[in-house]
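There are two complexes below, and they share subunit A, which is joined by subunit B in the first and by subunit C in the second.
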Partner chain A sequence: MIDPALVQSVIRILFAVVIVTAAYIISTRNLISLVSVYALQSLTLVLMALALWSLEGATVLLAIAAVTFVSKVLIIPYFIASIQERIRIRRDIEFHFLSPTTSLLLSMALILFIYIALANILEGTPARESLFFFGAVIGLSLMLMGMMVTFSRKRAITKVLGYLSMENGVLLFGMFVTELPFIIEFLIIIDLVILVMLTTILTVGLDSTLEEYHQRLHRFHLVGDTEDGP
Partner chain B sequence: MILAAFVLVAAAALAAIALGRTHRQMNSACIAEAAIFLVLSVWLILSSQIPMTSLAIGNEFFFIDHLGLYEVLIATVIFLLAAVYARGYVENLIEARELSRGSLKLFYGAWAFLLLVIVLAFFSDNLALFWIFTELTTVISAMLVAILYARDNIDAAIKYIFIASVSMLFSFVGLIFLFEISRSVVGTGTLNWTVLMQQAGSFPPGMVIAAFALIFIGFAAKSGIFPFHTWLPEAHVRAPSAVSAILSGVLLNVGIYGIIRVFAIVHRTTAVSTVSLLLLVFGLLTVFIAALSMLPQKKLKKLIAFSSVENMGILLIGLAVATPLALFWVLFHVMAHAFTKAGLFFSAGILHRQYHSTLSPDAVDDMRDVFTLQPVAAWGIVLGGLAITGMPLFPIFLSKFFLLVQLAGFSPVALVILLVLLFIAAGAFGYFVIRTFTQVSGSGAHAEIVRYQTPAGMNLPVIVLLVLTLILGTVITSGEVAFLNQIVAELMF
Partner chain C sequence: MNLAFGLYLVLNTAAVLLIAPLFVSIIKKVKAWAQGRSGPSVFQTYLTLAKLLKKETVYSSHSSWVMRLTPYVSIAAVLVAALFVPLVFVPEPVGGIGNIILLLYLLALARFFMALAGLDAGSSFGGMGSSREMSISAIIEPTTIIVFAALVFVFKSLNVFDMFAASAAAGAPATPTLILLGISLFIILVVETSRIPVDNPETHLELTMIHEGMILEQSGKNLALMELSAAVKLTLLMALLINLIVPFGLTTTLAIGTIAVATVLFVLKATVLAGIIGLFESSMAKMRFFRLPSLFAMAFFFSTLIIIIEVFA
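Up next, the complex of A and B:
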């Protein structure tokens, strides 16, 4: 067995990685790297689940790691990247309300706020151990940082990444605070995949004229070829 | 077992749609699905084994109780009528080139699947499972909104997805809280509603308030509660009217249903007074925003959409009162609102088919000679408007009246505010209808408006719903009362 103290410090390093990726997603204008950073963030979660598994030995964590790896490190980033290639947007420079600097400052404030709030709420419950408590704080912060991305960016595809990053936060929070049954985690992933597919396909529609949009739908085989018109 | 029947019927409907060649076949599959679902749920009521717990269905994730069945009943009736309505409506959308014939499969596939997901959501015992099905309803109904050939529809759908899904993630964090609460209290964590209800007495109030507040965010967004209502008017206006009726009559109920379920748990703890206050404040704010937004409205569907927001606010206020009688009328109001609102959207859809050629999507509704051109739809709007504002003979009169009486005992100040707001909303509706429907063009101009031949299948649902609401508003059977009382008892109020 691996030394628990080592595992704990590894988890702490991974926390830092998660926060850095979240900050990158908030501030970057480059869409291509956004997807790879998201994949990296998901990979960090996978590693964290594995580390936790070596500490606790719950097989649920192993299953979560596997499902997360397949869906969030491989399938979803691949899908978004291929959509991005089709719609040929490389940069998202439109921000709604917040500029990247303000968002970063805001997210620092958020982390502090969540730390204090959670310390109050979780007072006296078993979850109030240092590592697990930190996991909850980082999870919620990641979630709110993702929400800022969703509401401060104009392009739907960046919004999707914000949402995905939020969902990573929820997963992190759930992983550290409590043990959810695996079936629920699994269904959430399915929901996520459907949501991502739909929104990205709709994004294709937003970024093109309607005729092009329809042709593109054909290319994705979403629409049958029975069109004969009135 | 019975759930398997629902799933099989839906699968058969989906297969029929996938194989179907013509619009009629696909539409018939949807009608048949909703009709069989309706028969199944009526049979469930008559077979009187409710509440069915885990045994009958085979696992701990699903159960059937009176509340779930009641919601399913409402949902299937509306889906059935909407499917009948869609036959003529969608055909006209295709003729008007607003919908491509190629998208039909996607449209009806999503339609049939949506009904199944909604039924499964209402029959979920596990709250996390309910959460997932609710999430799926957002995604699928957004697909139905986006199906039309317009950029605005995609915009509205994306807004809907993001607001609802992002808020629903907060709900999920709330559910994790709830799970952790039950784990720290009982030892083994669970999200099964029936188990949580039994344990709720010993939950620590602070954690319960935090959990409820988080869960409330998501379900409030689903049911269009202020400040998360912003997606609602756009999605309802952009969607094809058959879909608007479903969005307003069924999907908003999903959110309210979630709030009712979780509130029932809170009601058993000492946190109930704080949470009631929260519900009351959000309810009043919602009615306030809705009433003020209705006042300057010049578009019929937007007016009806904001009226939905208003009614969701009323439901929250009724829930805040938290007496058994108030809950009874909240449940009644859910049904009354769903049927009335579906009828209104159906009528609005007919009027839009009549006048769409002269209108760009963003233009003010300029309707002339409604009573001569579309008598059924016009009367549908007039009578539906009377019903939704709460005139006697209609069911909303009963629920609004008794909710107000209950509110008087809870908070007289809130009662006064709510009365004023309801008056504003009713005034806005009346003003719109009187101004719009009295427009009569001169004898010379009459020729330029071509009469849209409304298929009987589109007029029929409007008439059925009007008759249904009239019956509901005038005759209250003892069976109905017993059924609603059963729900109140099961929620342990």
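Up next, the complex of A and C:
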């Protein structure tokens, strides 16, 4: 059996990694590294689920780790990276409302706010002292930081990444605070996969007519050149 | 002042002067490898400094005493600052030595005089360098203060010696706060030593130069002193990072055996860190001037987070 104190300190380190990746996702402009950092963040969650499993022994955590690994570390990042390669967008330099610096400062305030709010809510309960309190704080913060990415970016593909990291926040929160039923987690992941597939459409152009859309698909090499164009 | 402390003063200064040029060369070497060149030898910086020390110093006819004084102020300030950051042996602190706020101000003093010297000769390049350096330092200084404040909160001491002693006693536990602090300190290191996302240390013919622009008018011995103080500054910031984050080997007892082991370990760790800096520099392009605050904001963000955690938890 692994020493629980060691596992707890590993989990604390993973929290730090999650925060670092979240900050990177908020502020970077390079799409390729954005996707790999998202994959890293998901991998961190997988490791965290495994660490929690070694603490608590609940099999559902193993299942969550497996599903997260397959979907969020392998399939989704691969899919987004391949879309990205085809549409040849490498950078997202356009921001709505907030610049990355402002977003970072704002997320700092958010974390502080969540920390104080949760500390007040959980005051006096045994949960206040445990690791689960930190898990809740970081999960909620990650969610809100993902939301900030979603509304401060202009490109659809980064909006989707913001959404995905928001979902990672939900997963983290669920893992630590409540026992999220596995079926719901599974459904969320199916949703995510469909969402990422829809990204193709969003990224290439939702605003276009059907004919224009076909042309765009050709221009971005999303359908093979052997097919007939419209 | 006791014997151990006196020994420390002499040994630390000698060590820092001796090994500082090495790390500059290692970074250059790693960058050259990353570009597919073989690069200069790792002892090239020593040879360059030796050559410069033999050369005659030329002053512009427009320059004043500031130009003549700056190299000495710069090397003096940096060497005193280097005393605040023990490389391998941590004695009991005496007087104000080791105070982290004083350390910050010593570095600021060197930088202030360097900027003045850039302006002094009246060349437009120097003026631009100084103006950029001051704009950047106006933004990075609050960040540095916050990072140092986070250090103070984590180690519950204003003295670098106490921090090092605490981290050495704790061994090498990678706690989350230390990881975040390490990232912040790394960003500070890159900015303070004018490395790539902020400044390009390779060239002084580009319009983007900052640090090289300011020392463009320096020559001969003075240039050697400026280069040496830049190298010492790099080493002391590296030592700060290394001895806080991976302190194993750092010793608090004055014994030849442990100090020898600690020295070897320090040189190894610093070589690895120099390699990391070289790879980091090779992997990114210089940032546009107005994008720099987002880099600093990262360090600011992590340190504030640490302070929040330390204050509330």
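Criterion: the second predicted complex is superposed on the first by the 199 of 230 C-alpha atoms of A that agree within 3 Å, B and C clash if a C-alpha of one lies under 4 Å from a C-alpha of the other, contacts with A are read in each partner's own complex, and residues count from 1 in each chain.
In this section, a residue touches a chain if its C-beta (ideal position, glycine included) is under 8 Å from a C-beta of that chain, and two chains touch if they have at least 3 such contacts.
What you see is a predicted model; the values in this text were computed from it and never measured.
Chemist: Applying the document's definition of touch, where does A:Asp3 land relative to subunit B and subunit C: first, second, both, or neither?
Modeler: After superposing on A, A:Asp3 lies clear of both subunit B and subunit C.
Chemist: After superposition on the shared chain, which partner residues are touched by A:Gly174: those of subunit B (first), subunit C (second), both, or neither?
Modeler: first
Chemist: Of subunit B and subunit C, which one touches more of subunit A's residues?
Modeler: The partner with more contacted residues on subunit A is B.
Chemist: Looking at A:Ile194, would you say it contacts subunit B, subunit C, both, or neither? Reply first, second, both or neither.
Modeler: first
Chemist: A:Ile19 contacts which: subunit B (first), subunit C (second), both, neither?
Modeler: After superposing on A, A:Ile19 lies in contact with subunit C but is clear of subunit B.
Chemist: Touch check for A:Ser107: first (subunit B), second (subunit C), both, or neither?
Modeler: Once the two structures are laid over each other on A, A:Ser107 reaches subunit C alone.
Chemist: According to the stated criteria, A:Ile121 is in contact with first (subunit B), second (subunit C), both, or neither; which is it?
Modeler: Touch status of A:Ile121: first partner only.
Chemist: Under the touch definition given earlier, write down the residues of subunit C that touch subunit A in their complex.
Modeler: 173-177, 179-180, 183, 293-294, 297-298, 300-302, 304-305, 308, 312
Chemist: Would you mind writing out the residues of subunit A in touch with subunit B in their complex?
Modeler: Counting only subunit A, the residues touching subunit B are 121, 125-127, 140, 143, 147, 150-151, 156, 159, 163, 166-167, 170, 173-174, 177-181, 184, 187-188, 191, 194-195, 198-199, 202-203, 205-206, 210, 214, 218, 222-230.
Chemist: For the complex, which residues does subunit B have touching subunit A?
Modeler: Residues 21, 94-95, 97, 100-103, 105-106, 126, 128-129, 132, 135-136, 139, 142-143, 146, 149-151, 154-155, 157-158, 161-162, 165-166, 169, 172-173, 176, 179-180, 183-184, 189, 191, 206-207, 210.
Chemist: So in the complex, which bits of subunit A are touching subunit C?
Modeler: 9, 12-13, 15-17, 19-20, 23, 27, 99-101, 104-105, 107-108, 111-112, 115-116, 119
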